[in-house]
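As written, the chain order gives the labels A, B and C, with residue 1 at the start of each chain.
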Amino acid sequence: MADRIASSLLKLLTYIVFVISTAVILFPVFKGIRYFNPTFFTEFPSQGMTQGGIFPAIVGSLLLMSLVAVFSVPVGVLIGVFLSEYAKPTWLSALLRTTITTMTSIPSIVYGLFGLAFFCITMGFGTSLLSASFTLSIMTVPFVGGSVSNFLMAVSNDLREAAMAIGADKRETVFMVIRAAKTGILSSTLLGLGRAFGETAPILVTGAVFYATNLPRRLTDPIMTLPTHIYAVVTNFPEDAYWMAYGSAALMVIIIVAIYSIVQWIRRRSS
Amino acid sequence: MDTEAKLVNKEIVYEMKNLSAWFGKNQVLKNVSLKIYRNKITAIMGPSGCGKTTLLRCFNRLNDYTESFRVEGDIFFNGQNIYQMDPVQLRRRVGMVFQRPNPFPMSIFDNVAYGPRIHGLAKKRGLSERVEKALKAAALWDEVHGELRKSAYKLSGGQQQRLCIARAVAVEPEVILLDEPTSALDPIATERIEKLLEDLSSRYTIVIVTHSIGQALRISDYLGFMYKGELVEFGETSQVSEDPRHELTQLFLTGRIG
Amino acid sequence: MVVLVSICVIAALIGIFAMLIHESLPALKKIGWEFIASGAWYPTYEDAEFGMLYMILDSLILVGLTSVVVFPMGLGIALYTTEYANRREREIVRSVTELISGIPSVVVGLIGVLLIGPLMLKIGAWTPFNLLNAVVSLTVLTLPYAISLIIESLQSVSRDLREAALALGSSKIRASAMAIRGAKHEMLYALVLIVNRVLGETMVVLMVAGGAVMLPRSLFDPIRPLTAAIASEVGEVELGSLHYSALFLAGAVLLVISAVITVTAETFIRRGKRWLTG
């Protein structure tokens, strides 16, 4: 029957695509994992990036992510709460929502340009950890805010009414809704940070150097990061440095898989 | 029996005078006037869409949150105009139980303790006693006392609804409003809740909206019948059911309409 | 308070626009409309030229080709997942799709350079970094996103529609077609989102598209989409120079395009369902 043909074709397509995609994604992991050893993680790169390790890149990414988390998680969550629970006239809420969605769709290099002009030059922070974290934060806040507000709006109104009916004021009611959506809020945060972790273009322009000989000492120092390291090695360094890119890529993929697995686990646990 | 004297002696908890309400251009309540008497069960019945739920939600001003809602007329709670009161304060004295059980995403204990906690009604020790008392009043204590930390969502539908009643009772309101509380439940659970309401009415004033004539006749002291936004009839249940003044009421009671 | 926060949010977006436009004004004044009319991009020459036309077209061609590949593939897989797959298959598709969608674009770029590049040479391309490589790499990057979007839009169609079709005795294929028809607004929205995503993609194209400012005559020709041009040149450019400003102008172009696409999608497609179906 035609149905069976269609079903088989689609099944074939799906399986083929999945096998190829997974293989392709695992390619850098397999090629890079063999370089995982304590030296790789604790030493600076040397000999023109052909030996040593990616220690400064790891530190750089870690510092960057910590700052981005500090700046964008509270602000993002608050914006999400605001959008869902406080922005009342429907035209206002639609306007804000469109603004936030627009901001999440802006190409990352445009954020890079903005960060360059605003944080590096106008504010005078230069090519630095600070500029890069501010730029990434501006990218992450709309994402987290939009996602959080979606989860909050998905909470049934019955719950809000139950709280109001028992005499809870606005603030207490909002806390109740947040409670009900706490899994979604947490996953929005983790996914937002995961996304920021993988971003390259904005920090290429606002904060990164390709070859660091020491760790950043101040917020205004530039940093090496894992994603910019991969880019740098593949485009600016000779073939015998490629192993480092594989290593960094493997590390990044493993971290991302870990974050997403945690998110999926949290989701499963709550239902 | 002197009905006039009987009426004068009872305490009036709510008085509604010429209340009309609109959702946008659509008028849903037309000039409704009634009185709710203390420690009695008042039932409002009527076919779907007659406005009974809207009426009930006026008592605790829950309709205020719908953008297009507009109201004319007065409602007095213990003599005070509720539209000149802080709605949050009003709802601390008037509780509500909804059609579908809506427990909070917390443990059984925390659900019942929520009201007292936010109203600052009890310190740690007093709280456990309050919760126990409320759960007993809602006839749920025996079933859950060993597992108060369990999530409320793990209870059955009937149990969740009794939990919602316990939650409302825990703050010791004067009035409990119930919006078709048993329509989502099976007959056995329904019967338990009806018996519960009869027990509760000795301490609380109960206003219940229902589309089940049987339920209204079984448990109420006062009965109101609504049709297309108008309060067609209102009075003591015995009188309304045996000798209705209005033809529509009779038709509804005998199942000809609605 | 509501007003204050709202203003801050909108001000942030306006701020981004403002900054970009401000920095691109010098170029706009000096170059005029030539930037869209001409494809000659020679920013570093003595007699510098700043025509972005070819780069814009390169972006559009890339987006077009990638969408043509990704959307049908995504639709096929989404259909299989929602209509035919069993529970376990569905869960695996969901989890794996989500995991792959989180892979950073720079890693996909790495794959494009080190895995797909050599493949290109093997199949006869004269350079490993070309349009085809970009399309393939972008497909790997965007397919998971497309799959989850389309699954979401298919699921938004009420079961009733499908079941009504099946009850009338139609085959599963027809029922699926009915589901697609019912979801056509959501799918259009999904398509627009995918287009926007691909348009804004920087790292992958930077690494594998080749970098030649020209219109491709074959799949094996290298191209330079706008995003890649900006990213590759902004590191070398002299601050405050005309070239610098021209790059901001390019950024402004991208910003405007993506904003227009998003706003159109939000206002007309997402909420337009009411307008169009009455």
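For this structure, a couple of remarks:
Here, a residue touches a chain if its C-beta (ideal position, glycine included) is under 8 Å from a C-beta of that chain, and two chains touch if they have at least 3 such contacts.
Small disclaimer: the values here were computed from a predicted structure and weren't measured.
Of all chain pairs, the one linked by the most C-beta contacts is A-C.
At the far end from subunit A, in terms of centres built from Cα atoms, lies B.
Distance from per-chain Cα centroids to the pooled protein Cα centroid is smallest for A. Averaging Cα coordinates per chain places subunit A and subunit B 49 Å apart.
One inter-chain figure worth recording: subunit A and subunit C are separated by 18 Å, centre to centre, where each centre is the mean of the chain's CA atoms.
Taking each chain's centre as the average of its CA atoms, subunit B and subunit C sit 55 Å apart.
Within subunit B, contacts with two or more other chains are made by no residue at all.
Interface residues of subunit A facing subunit C in the complex, by the touch rule stated above, are 1-3, 6-7, 10-11, 13-14, 17-18, 21-22, 24-25, 27-28, 79, 82, 86-88, 92, 94-103, 105-114, 116-118, 121, 138, 191, 194-195, 197-201, 204-205, 227-228, 230-231, 234-235, 242, 245-246, 249, 252-253, 256-257, 259-261, 264. Residue ranges on subunit A touching subunit B, taken from their complex, read 90, 156, 158-159, 161-169, 172, 176, 179-180.
Per the touch definition, subunit B reaches subunit A in the complex via residues 60, 62, 65, 67, 88-89, 91-92, 95-96, 98, 100, 102-106, 114-115, 118-119, 164, 167-168, 171.
Residues of subunit C that touch subunit A in their complex: 1-2, 5-6, 9-10, 12-13, 15-16, 19-20, 22-23, 73, 76-77, 79-81, 84-85, 93, 95-96, 98-100, 102-107, 109-111, 113-115, 140, 143-144, 171-173, 193, 196-197, 199-203, 206-207, 227, 230-231, 234-235, 239, 247-248, 251, 254-255, 258-259, 261-263, 266-267, 271.
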